[in-house]
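Before anything else, here is the set of structures, which you'll find just below.
Shared chain: subunit A. Partners: subunit B in the first complex, subunit C in the second.
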Partner chain A sequence: MHFFKLILRNTLRHKLRSGLTVLGLVVAIIAFGLLRTVVDAWYAGAEGASSTRLVTRNAISLVFPLPINYQERIRKVDGVSAISHASWFGGVYVSEKNFFPQFAVDAKTYFDLYPEYVIAPQEMKAFRADRKGCVIGRKLANTHGFKVGDTIPLRGTIYPGSWNFTIRAIYDGAESATDTSQFFFHWNYLNETMKKAVARRTDWIGVYVIQISDPDRAAEISDEVDAMFRNSLAETLTETEKAFQLGFVSMTEAIVIAIRIVSFVVIFIILAVMANTMAMTARERIREYATLKALGFGPCFLAGLIYGESLMIALAGAAIGIVLTFPVAAQFSEQVGTLFPVFGVSRETVYMQAAAAAAVGLAASVLPALRAARVPIVDGLRSIG
Partner chain B sequence: MPIPLSYTLRNLAARKLTTLLTSGGMALVVFVFATVLMLEEGLRKTLVETGSMDNAVVTRRSAGTEVQSVIDREQAAIVENQPEVANGIDGARLASKETIVLISLVKRDSDKASNVLIRGVGQKGIELRPQVGIVEGRMFSPGSAEIIAGKSIAERYHGARVGEILRFGQREWTVVGIMDAGRTGFDSEIWGDADQLMQAFRRPVYSSVIVKLNDARGFSAFKNRIEADPRLTLEAKQENVFYAEQSKVLANFIRYLGLILSIIFSIGAIIGAMITMYASVAHRTTEIGTLRALGFRRATILLTFLIEALMLGAAGGVVGLILASFMQFFTISTMNWQSFSELAFSFTLNAAIIAKSLAFALIMGVVGGVLPAARAARLDIVDSLRAA
Partner chain C sequence: MQRSPDLDNHSESPVHTEPPGEPVVHIRQLSKCYHRGGQIIPVLTNISFDIMHGEFIALMGPSGSGKSTLLNLIAGIDKPDSGLLKVNGTDIAALSESELADWRAANVGFIFQFYNLMPVLTAFDNVELPLLLTPLARDQRRRRVELALSMVGLRDRMEHYPSELSGGQQQRVAIARAIITDPALLVADEPTGDLDRSSANDILAMLERLNRELGKTIIMVTHDPHAAQSAHSIRHLEKGELELKKH
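Right after this comes the complex of A and B.
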């Protein structure tokens, strides 16, 4: 008990120094937590993927479309229980800054494949009945203040012209990992408009989404689908939804790696600050340590004092930092809007923050503790700090 | 009379561990700061130097990128025959009607796929870009299934070295040459014959038309005529402007992320400097009293401690910059969101970045040192001489 009291008193001896160190730790722990959450957000699409969904795209690359008549042929493959399709629209809402993903989908079937998009039945009915209607996610609606009945004007980049859609439904995510920043509208409307404008571009879709009943047969079914279209004008590549999403992540992997590295740099920065605090503290008290030694306390006791003080400061910083991470993350998420559709501090992040703080606390006192434990009594008493 | 600089230097040397840790923390912050600036500069240099002032890129209105753009043959012919377009030595127009598609290729090191831009160029394609040179093999011959790969594509993707074969669009394409485009965006592209590629991809249309203008000053007349022509639904941009816009999102992302990180991280380092300087003042209370008693003024004391903090910052800045300069050996490749294709660029260090980083380090030192220095200057002579 006395031991802990001594540590606490020691910590409070230099209130300014301990306070500044804790403040530094708080900033570092929040920064570390936010960076890890940004990395998590990068993988959110893959995390939210279902193992019973496959995605079929053009084998050359995603920018090449697939003909609509593949749909019936894929549906006949054994093990396929449902099929739908989606096409990237790439429109601009007012300015490029307001990016959100837009897909032209088969209104009849698409949402049956995505039970995680929760839509009220009457809104669903209204969307299906309106050819120029659209369905948007809750996060997107909140970002721009959209309500059911509003019109969203989009400027087409891939499909030229200006397009107006009426919001008929707003979907919620069934889980926190569901992306609710998307925008869906009728592919039929897109197709008919293209028929009038550029006949060459009708009856094409971006990707097929296939529902399979048995996730274990994913590889086999993918091969079967791809074999069907080999040596055709539009060869296909079928993969699980997760692999498809990870494909996007891997294209920007360099950025993810950079953010990961940087998240550890901040830990090293705070380690330097913390180690400095402990080194100074131990240096100032070397005479006290010698006195304690002369009184009969062992080197382990002295090391314990230093480690204890360092851990106390580190954990105080970690506790405040972790608590503050949540409001800061919420604020950040609001600021970036739909850029990161899913942005939540995960439990692992909190554990990592606590572990990083503990590691900093321990590593910072290695040298001071060694010095204190080793110092000969006479030298210590003679030291002037 | 100022206190000699050696006094400050010896103080820093007396507490080596503390000095080392404090400037070490600052060095890491400066490293992050400089690295981000270098990355942004590398990206800027890569894309800005890709384009030339005298060239104009014509794409479909509001397409934004060449990949999304569509220009049919009639429109392309109209663009090519504008009076501002220069003629080559052979009398033919210096224009290249190009088709751009993305194909998915697999990386050598990770076996992961990424989008690579394939550019079908016309006869004059290479003449319009003087920075592009063939460093290995030869140019593809027109009308054949031959392609040449950019240097960074050849290094990083399966099937992109000379003599290797890539299969796409139901045909096999032989890589016959490697082009070096002097670290511009073309290093991350594959080039082939436009007509062959259009046939393979069943695309009856071009993506963009690149023209060389007689004179860069003729651009606005060219642009106005193109955009006013009712037969055309196109827009024209100067090539360097076009490429700078291509990187806007990525460059902004790097800049903002980097700035926010640098500021947050610098708070940590500033706190480190403050702790060190406060301790430095506390240790030397008697010394400060002595100096004051000898006749040194408050302002001199303030300056001395500020110089000490500045030196901590400067040491951190120099070390951080040395660390960052090693980053020049690395190349980063990532997908450019706007063009949806892979782009390689390297960390580029220049004088402006060195100056900015050092200034940043010194500011960190001053901000960390100003409060402790003020405390030192405010000390009362009698009290401080009495302090143990």
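Right after this comes the complex of A and C.
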């Protein structure tokens, strides 16, 4: 009990110094948590991917489409239980900064493959009945204040022209990690418009989404699908949805690595600040440590006092920092809009914040504790704090 | 000051039953030197003397004469280079650091010039500190601390922090801390060096009473001839060598 009393009172001895150190830790822990959450958000698509879905794209590049007539051939492959398709639209809503993903999909089948998109049956019915209708996610609706019945005008970039869609449904995510920032509309509408405008661009889709019944056969089915179209004009590359999503992440991997490095640099900087605080603290108290040693207390007791004080400061900073990370992350998410469709502080991030703070607390006190433990009593008693 | 039966009769407290005539401190051919910037500076050279049980001696001498070094060696907070140093029958030069720490906790009470109290602990907590190294229960510790603080006249100030006490009062707390484990030996390094004359007299009177009534063996380093008068004998150190004056 006295041990903890001594640690607590020593911690509160220089309130300004301890307070500023805690403040530094709070800022560092929030920054660390926020950067880790950004990295998590980068991988959110891959994390939320289903193991029973495969994605087939053009083997040359994602920007090249695939013919619609592949669909029936793929459907016949053993192990394929359902198939649908999606095409990247790439429209602009008012200005480029309002980016959100837009897909032209097969309205009849697409949502059967994505049970995580929860849509009210009557809204789904309304969407399927309206060729110019669209389905949007809840986050997208909240960001722009969209509601069912509103019209969303998009300026086409890949598919030129002005496009107007009526919101017929708003989907929610079945899980918190479900991306609800997307926009879906009828591929038939896109295809028929293209027939009139640019005939050679008709009957093409972006990717096929394949539902398989046995995830263990994913590689085998992928090979079989790709083999069917080998040496054709549009060879395919089939991979799991997770691998497909990770392909996007790998395009920006350098940014992810940079963010990761910065997150650890932040921790290293606060470690230096904390180590300085503890070094000053221990240096000032050398005579007290020598007195305790003279009274019979061992080096472990002294080291425990220093480690305890350092950990108390670190954990106070961590506790406040972790609590504040949530509102800061929410504010950040609001500011970036739909750039990060899934943006939430994960449990792992909280554990990493706590672990980083504890590591800082322990590492910062190693040298001061060693010094206090080793200082000869006679030298310590002579020192002026 | 009455010697309290509580402090004496605690079965947990160290019982010092030195036979009369047996020295508490037995020193033979003790030498110590320091290394400073590649130079060897002899501080004590072949010191030999005994301190008997219940003695109160003052160590005097000019600065650098080695009196504090000698006190540190006897108290077990420094180690000699050569010679024999037995305290309370134990050859303390042969003890390891951890054995020495345990030995100090049980056998030596320290009184420092600048009191060396923990500023974040109350007078009560400061006095209780050495008892945390004993197996005494909280109630037993409390009784002992209250008694020790009563003995130094600070029973009513036990919840005060050092910063709320005068220098003399702080030194009295330090004395209570020094006697709380009932050690055989009290070592005091300039215990009145930071006090005004009146407070210094109080402290010296207290040390005399501890020696006279509790039978504590006291070794006091001082520059002050007036303080030294409280001791039974004065030993002068001059360039690391010892001479005895009795009064």
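Following the convention adopted for this analysis, the second predicted complex is superposed on the first by the 384 of 385 C-alpha atoms of A that agree within 3 Å, B and C clash if a C-alpha of one lies under 4 Å from a C-alpha of the other, contacts with A are read in each partner's own complex, and residues count from 1 in each chain.
Criterion: a contact is a pair of C-beta atoms (placed from the backbone, for glycine too) under 8 Å apart; a residue touches a chain by one contact, two chains touch by 3 or more.
Not measured: the values here are computed from a predicted model.
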{"item": "Touched partner set for A:P121, first subunit B, second subunit C, both or neither", "value": "neither"}
{"item": "Contacts of A:G298 with subunit B and subunit C, given as first, second, both or neither", "value": "second"}
{"item": "Partner chain in contact with A:P376 - subunit B first, subunit C second, else both or neither", "value": "second"}
{"item": "Contacts of A:T21 with subunit B and subunit C, given as first, second, both or neither", "value": "first"}
{"item": "Partner with the higher number of touched subunit A residues, subunit C or subunit B", "value": "B"}
{"item": "First (subunit B), second (subunit C), both or neither touched by A:R200", "value": "first"}
{"item": "Subunit B versus subunit C as contact partner of A:R287, first or second or both or neither", "value": "second"}
{"item": "Partner chain in contact with A:L6 - subunit B first, subunit C second, else both or neither", "value": "second"}
{"item": "Interface residues, subunit A side, partner subunit C - complex", "value": "2, 5-6, 9-10, 13, 287-288, 291-298, 376-378, 381"}
{"item": "Subunit B to subunit A touching residues, read off their complex", "value": "15, 17-18, 21-22, 24-25, 28-29, 31-32, 60-64, 67-68, 101-104, 110, 112-115, 168-170, 201-202, 204, 233, 249, 257, 261, 264-265, 267-269, 271-272, 274-276, 278-279, 283, 332-335, 340, 342"}
{"item": "Complex contact set, residues of subunit C against subunit A", "value": "72, 75, 77-78, 98, 101-102, 104-106, 110, 112, 116, 118-121, 125, 128-130, 132-133, 177"}
{"item": "Complex contact set, residues of subunit A against subunit B", "value": "16-17, 20-21, 23-24, 27-28, 30-31, 35, 59-64, 90, 92, 96, 155-158, 160, 200, 231, 233, 235, 237, 247, 250-255, 258-259, 262, 265-266, 268-270, 272-273, 275-277, 279-280, 283, 367, 385"}
